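After this come two complexes, each holding subunit A, first together with subunit B and then together with subunit C.
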Partner chain A sequence: MSDPVLPLGGARFDGLIAVEEVPQGMVALRGSLDAEAVKAAVTELTGAAMPDPLRATRQGDHALLWMAPDELLILLPRADGPQAARDLADTLSGEHALVTDVSDARAVFALSGDDGRLRETLAKLTSADLSPGAFAPGTVRRTRLAQIPAALWLTEPGVARVLCFRSVARYAFDLLSEAGREGSAVEVL
Partner chain B sequence: MSTRLATGGRLIDRSRQVSFTFDGTTLRGHPGDTLASALLASGRTLVGRSFKYHRPRGVIASGAEEPNALVGLGQGDRFEPNARATTTELFDGLQAASQNCWPSLDYDVGAVNAALSRFLPAGFYYKMFIHPRAFWKHVYEPFIRHSAGLGRAPAVEARDPDRYEHFHHHTDVLVVGGGVAGLQAAKTAGESGLRVLLVEQTGHWGGRAPVDGGTIDGKTPEDWIGDTLQALDNMPNVTLRLRLQGAGLYDHGYVLGYERLADHAPDAPGPRHRLWRIRAGRIVTATGAIERPLPFAGNDRPGVMLASAVRDYIVNWGVSAGDRLVVVTNNDDAYRTALAHHRAGLTVPAVLDARPEGGGALMAEAQAAGIRVLTGRGIAQVNGTRALTGVEICAQAGEGTPLETIACDAVAMSGGWSPVVHLWSHCGGKLVWDEAAAAFRPDPDRAPIGQDGASNVIAAGAANGQGDLSSILKDAEKAGKTAARDLGGTPSDASAPDAEQPAEAPLAPVWMMPQGAPHALRAKAFLDFQNDVKVSDVHLAAQEGFESVEHTKRYTTLGMATDQGKMSNINGLAVLSRALNAPIPQVGTTTFRPPYTPVSMGAIAGEARGPLFQPIRRTPLHDWHETHGAKWEPVGQWRRPYCYPRAGEDKHAAVAREIDATRGSLGLLDASTLGKIVVKGPDAGRFLDMLYTNMMSTLKPGRCRYGLMCSENGFLIDDGVVARLDDDTFLCHTTTGGADRIHAHMEDWLQTEWWDWKVYTANLTEQFAQIAVVGPNARKLLEKLGGIDVSAETLPFMAFAEGQLAGHPVRVFRISFSGELSYEIAVPAGQARALWDRIVDAGAEWQITPYGTEALHVMRAEKGFIMIGDETDGTVIPQDLGLDWAISKKKDDYLGKRAQARSHMTDPDRWKLVGLKTLDGSVLPDGAYAVTEGTNVNGQRNTEGRVTSSYHSPTLGHGIAMGLAHRGPERMGEVLTFMRDDGKTAIEARIVDPVFFDPEGAKQNV
Partner chain C sequence: MLILTCPCCGVAADEIELAPGGQAHIARRGPDSTDAAFEEYLFLRDNPRGVHFERWRHAMGCGKWFHAARCTATNEVFGTYPAQTTEPPQEIRDRIAERRTDQPKDSRA
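The block that comes next holds the complex of A and B.
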C-alpha cells in the first residue's frame, strides 16, 4: 500500500490567518450515543469521553466530534483509520451501530491565527453564529461554507479545524484563502 | 449661482484640495466633500438631463433620496452608471460624467422632447405604440430605447477588477441609522449588556442634528454626539459601523447591510463592498425622515432644491446654493434654511409661507433678522431656463395669477417631512396616516412579526413620525429599552436626555401650489423628478380610471426609477387622492421593497465569481484526466471526462476510438462519481425491499443485484447495483446525480416514516474512487496486478471480492454497464491515483485506453441499458421501460407499488421503450418526436413517441436510438416518422429491439 494522497497535497495559505491542509484519520460512527456500550467503546478507542451535543472532546491526537444525535466522528492519526474502524465495529458487534472509515472521504484544514480574524474569515462564508459567546472553544458546527457543506471545530482560541468533502477541497481552500486575504479584516469579532 | 463660501463646512478639510473631473473638465473640492457639494461649489448647477423630456436638472437633495444628480463614475472596467452624486464621497482622481444627454450636457438634442411634452403624457407609450403590432419591435422599441433611459450599462467586455464579500453577523439588537435617535437607541440598548450593532449609511455620525441645531442636555448636538459616541466606544458589546446601510429587512430578523468600504478610497486594500447578512433579535429603525418637494410649476429647474439640502450644503460643506435664495414652505422647519443662508451673509429676499397664518418662533426669528415673510403665498412659476432668474409669486389659495416677481438665483422648498418607513415596510409592517404631520408613519400595532410571533422591529425618532428633538430622543430611548427588555435584557434606568428646540407651528399640507393651479401649471409641476412624472400625469391617470395607487404607479411610472420614489411617492398619492376625491389613507401607498438604495451586483455576488462562482467537484483522478487532455462534461457539479481526444482527433473520432479499443481489448473508466451508500442494521433487508422494486433481502453476501428505485408516485428515480457486504450490511450504488438525493430519500423515510426500523446509512461516495476496467482483456490485467482471484469460477458475473490488488485494499465488483467483461474496483480515494497509474502501466501491453462518459453512454445504449435522466424524466415508470423483470411480484409492498397499479399507469396506451433504427442509418436527433396524422386541440401536430437516447454506434456502423413509443413493443418492425431539428424534414426509423449488440450476453459471460 502506498501513502494516501491528500486531496491538495498539503496546500497552505498565509493571510489574515494561516490555512493548511492536514492529514487526518476519521472514523464515522452511527449509533445510540447514549448507550453505555457505545460510550465505553469510543472512550476505549480514543481516551476521550463522549461529547455533549455540538461539542468535541480531545485526548492527545484523538478526538470525538458530535455530528448529530446519532452520529459521532472519531479523529485519529491518518494511518489508523481502517484498523480502528474494524476494531470498533468488532467491539460494537452486539450493538446496532454502523462504523465506517471515512479518512479518504474528507479534506481537513487547520486554521490558525488571531481568534477574531479566524472567526471573521469563517463568518464571511457561513451563516452560523461564530461570535465568542455562541462559538466557544470545543464547539462543533455542521454548517456550510458558501455553497458547500462543512463542519467547523474551534479547538482553542485562534485554532480551528474545517472539514469538507474531498471533491470540493480545492473550492474550500480557495474560499478560505479569499476570505482570509490581507486587508479584508472586518474587525468586529 | 452656487459657490463655495469663505468659511464654514463642518465636514470638509479646507487645508487640503482634491481634484476630480466632470465631463472631462478638471474641478477641485476638499476632502469630506460629496461629489454633489463639490459640483455645487464649482458652480455646476446643471448636472444631468431628465429621463423622458431631457430637461436640465441639478442637485436637489443632499442624501440617498437624490433623484436628479445621477452620474456615471469611473471608466472602463470600473465604470458604474447611475451613481448618486449626493452619496458619492469625493476622492482625488474621481471621474464623473453626466448622463442622458447628447451631444453634451449643455446642448442636448433630446431636449426637443420637452417641447413635445404635451404630446408625451402618462400612458402615451401604451396608446401610441400599440398599433400596428409589427412596428413595436422594429420601430417603436428601438426609438424608445434610444430616447429614454439614464445611465448606460457597462461595456460587455468590462470585467470588474474589484473584490466583494459577504459577512454574516449575529446580534441581539440592530440599530439602523446613526443620527441622534440611533445613537440614543444604541446607547440605551447597549447599557443592558446585549450585543448591539449600530449602522450608518453615510461617513459621519449624528445625522441632521448638527445642522438643525437646538441643545441636548445643555450641549450643542455636535458635542452630545461626540460624548455619546465615546460612551458607545467604551461598551465592548456595541459595534459601530459607518458607510453601512441597512438595505433590506426580511423574515425573522434577517437584514441585508450594504457596506461601501472603498468607494471613497479606491486605492484601499480589501474589498470594495461588503454585503452584511445580519440576524438580529430586534431591529430599531432610526432611519430619519426625508423632506418632500412642493409641487409648483418649474420645481425641477436647476437651482430649486430641498430646503434641508440648501441648509446641509451651507453647514456641512460650506457651499451656498445661490446668492439670493427664496424659501417656499408649508412648515416652520424651512425657516432654519432662511436663517442659515442669512447667517452665511447671503440674501433671502423672501420666505413664501403657504400657510395663511404663517409659522411660530422660527418665523419670528427670521423676521427679527430682517427677512421678509409673505404668508399665504406660493410660487406660480419659476423664471429662467438654464439659470434661475426669479420666481413669480401668487396666492396659495388662488389659481396662480402672478402678484409679484422676485429676483433670485436659488429656491429652497419644503413640503414637510416623510418618515423613512422603508425598512419597517419591507417585511410587512403597516403604516398609519398622521394628519398633523401629513405623513405616513409606522403603526406600532401592526409591526413586522418575528419567528416567535412578536413584533421584532421598533421604529424610533423621526422615522417613527417624531418631529422635535426632544420627542425624537425620548422615542429612541424608549425603543432601546423595549428592544433590550424584549430580549430579556435589563436596560439601565437612565432617562432620555433633555433637548430644547424652538416650538413649531403646525404644518399645512400643500399638494399643489397654488391649490387651484390650471393644467398649464400642473403640467410643469413635477412629482417624480427622475421619471418625469408631473401632477397632470397623475390627474390623467385618475381620469382614465386608474384608481388603485399600484395601477397609477405603473401607468405613470411614478416612483419606479432608481430612487424608488423616495421624494415623490407621498406627493403623488396625495395628488391622486385629491383627483379621486378619496382620503389619503384610503388610497394608500405603493409597496416598499428592498433594497433601500441600489446594491452593487458585485456585493450580491460576493466571493462567487471566477473560480469560486460555483464549487467544482473533482474526483481523485481529476488531475490525471486534465494532464491527459480530457474534454470535460459537467455532471452536476462534477467534472467528468467526456473523451480524451488525441492530437488531430475531434471528439467524435476520439469517442469511436475509445469504444473500439474497449470492445476490442481493454478500456479504463473513472467511475468514482457513482453514489455509494452503506445501509446496515437488522432491518436493512426489509428497508431495501421497500426502497427497491425488486427483492434485495434475498441477495446473498458476496453477490450483487441490479435494482430500481421509485418515488411513492411510482416514477423511476434511480437505479444501480446493490452489493450485500454481510448479513445485515448492503452497499447501494446510485447514479452520479443520485448520490446525495437518494441518501436524503433514505434518511427521509427512516426518520419520518420508519423511525422504529433499525437501519443506519452512511454515504461513502467520496471515501472510494471507483475504477472500471472493461474489455476482453480485463481479467488478464487484474491477474497481472495480482492479489485477488478473479477467475470466472471464483468471481462470476454479479459477484464481488475484497482483498489487496497490487497492494491496495480494494473491492472488485464484477458488473458491467457495457456488455463487456468488466470489473469495477473500489479503492480508498487517497490511493486511487497510485492504483490508476499501476493499471495504466500494466495495461500497456493491451493498449489500455481510458474512455469518457460519451463512450460509456454509447456502449450502454448499444446494449439497451437505460440511463436515469435519458430514458426517465420523472414521468416514466419501470413498466414503461420493459423492466417488469426487475419488479417483484412477491412483495407485499415497495415504494411506488400502489401508484403503479393506478389505471393510468396500467394503461396499455402508454408510451413504452423500444429501439429505433433509421432506415438510412443516420443518427436521429435526440429528443425528436414521432409525428402522426392530425393536430391536437392546441393545433399542434399529434405525436406518438419520442427519442430518449441517440448515438452513432461505431461498433455497428450506424445510428442507434432508444425511445418511447405508443404501444411500442407491440409494433416491432413498424416505421415511425420523426421530425428533424428544423421541424420540417422527416426522418424515418424502424421500431426494433433496444438491445442492438450481443443480445445473448456472450461477451460478458466469459
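The block that comes next holds the complex of A and C.
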C-alpha cells in the first residue's frame, strides 16, 4: 500500500494558539445510531460507547464523534482506517448501514493553547457559540468556518480538533493561522 | 440574523449555516395530473407578507431538512418542526394564533 500523504504535509503554526495538521484515521458510518447491533459494533471496534447527540466519546486513541442523527465518525490511528472500515462493514452486513474509510477525504487540525484564546480563535471564524457555558469539553459541532463547512471537537479545555474536507485544507489552515495570530487576542472568552 | 433551531440535531443554527428550500407543504403532482395542477406544483408559490412556512436544510451542520414557521415581515420565528409532515403541527399553529391575532387560524392560504 502507498504511504498516506497529508494534505499540507503536517503544517504547523504557532501564535496565540498552536495549529498542527495531524494524521488521523477516519471511518464514516451512516445508519441507525440507536440500533443495538450498530452500538455494539462501534464499541467493539473502539472501546468507546455510542455518544449522545452533539457529543464525542473517547477510548485511548479511538473516538466516536456524533455528526448527525444517522451519522457517526470513528477516529482511529491513521494506518487502521482501511482495515477497520472493512471489519465494521462485515460486522454490520445485515444492518442498514454504510461504512466508508474517509481518512484521505478529510484534513484534521489539532489546536492547542490557552482555553480562552482557543475559543476566541474559533469564534472569529464561526457563528457557533463557543462560550464555556455553551461549548463544554466533549462537544462536537458541525458548523461553518468562514466559507467552508467544518466540524469542531473540543476534546478538553485548551485542546480541540478541527475537521474539514481535504480540498479546503490550505484555506482552513490559513484561516486558523490568521485568526490565531500573535497580538490579535480579544480576551472576552 | 435569523437563527433557527434544527429539530434534527437541536443546534440553534445561524442563517449562514442553513440553506433555504422555499415554501413548505407543497403537494407533489405527477404526470397524470392536469396541466393547471402541475403548473401550480412546479411554478406557483405564495409570497406572503406575514406568516410563512418554509423548508430549510441544516447544510453546514447535520445536513437534514426541516420546516420553519416564520414571519416574512418581522422575521419572528414561531418554531421549527421535522420535515416528515404534510401540514404544520398544532403546536406551531397555536403559537402563531397566540402571537398573531391578525392572522386567520389556518394561515396557510
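Structure notes:
Here is the rule we use: the second predicted complex is superposed on the first by the 189 of 189 C-alpha atoms of A that agree within 3 Å, B and C clash if a C-alpha of one lies under 4 Å from a C-alpha of the other, contacts with A are read in each partner's own complex, and residues count from 1 in each chain.
Methods note: contacts are C-beta pairs under 8 Å (C-beta built on N, C-alpha and C of every residue); 3 or more make two chains touch, one makes a residue touch a chain.
No experiment lies behind these values; they were computed from the predicted model shown.
In the superposition on chain A, A:Pro69 makes contact with subunit C only, not with subunit B. Legend: residue contacts after superposition of the two complexes on their common chain; A:Ser127 is shown touching both subunit B and subunit C. Legend: residue contacts after superposition of the two complexes on their common chain; A:Tyr171 is shown touching subunit B, with no touch to subunit C.
By the touch criterion stated above, A:Ala28 is placed in contact with subunit B alone, subunit C being left untouched. Once the two complexes are laid over each other on the shared chain, residue contacts for A:His96 go to subunit B alone; subunit C is not touched. Residues 127-129 of subunit A touch subunit B in one complex and subunit C in the other. On the side of subunit C, the complex with subunit A involves touching residues 1, 8-12, 14, 16-17, 59-64. Within the complex formed with subunit B, the residues of subunit A that make contact are 1-2, 4-7, 28, 30-31, 70, 82, 96-98, 100-106, 120, 123-131, 133-134, 146-148, 165-171, 174-175, 178-179, 181-186, 188. Per the touch definition, subunit A reaches subunit C in the complex via residues 53-54, 67-69, 71, 127-129, 141-144, 149. The touching residues of subunit B, counted against subunit A in their complex, run 163, 165-170, 195, 197, 239, 241, 268-271, 274, 277, 279, 606-608, 611-612, 614-620, 637-638, 678, 680-682, 758, 760-762, 764-768, 804, 807-809, 828-831, 833-834.
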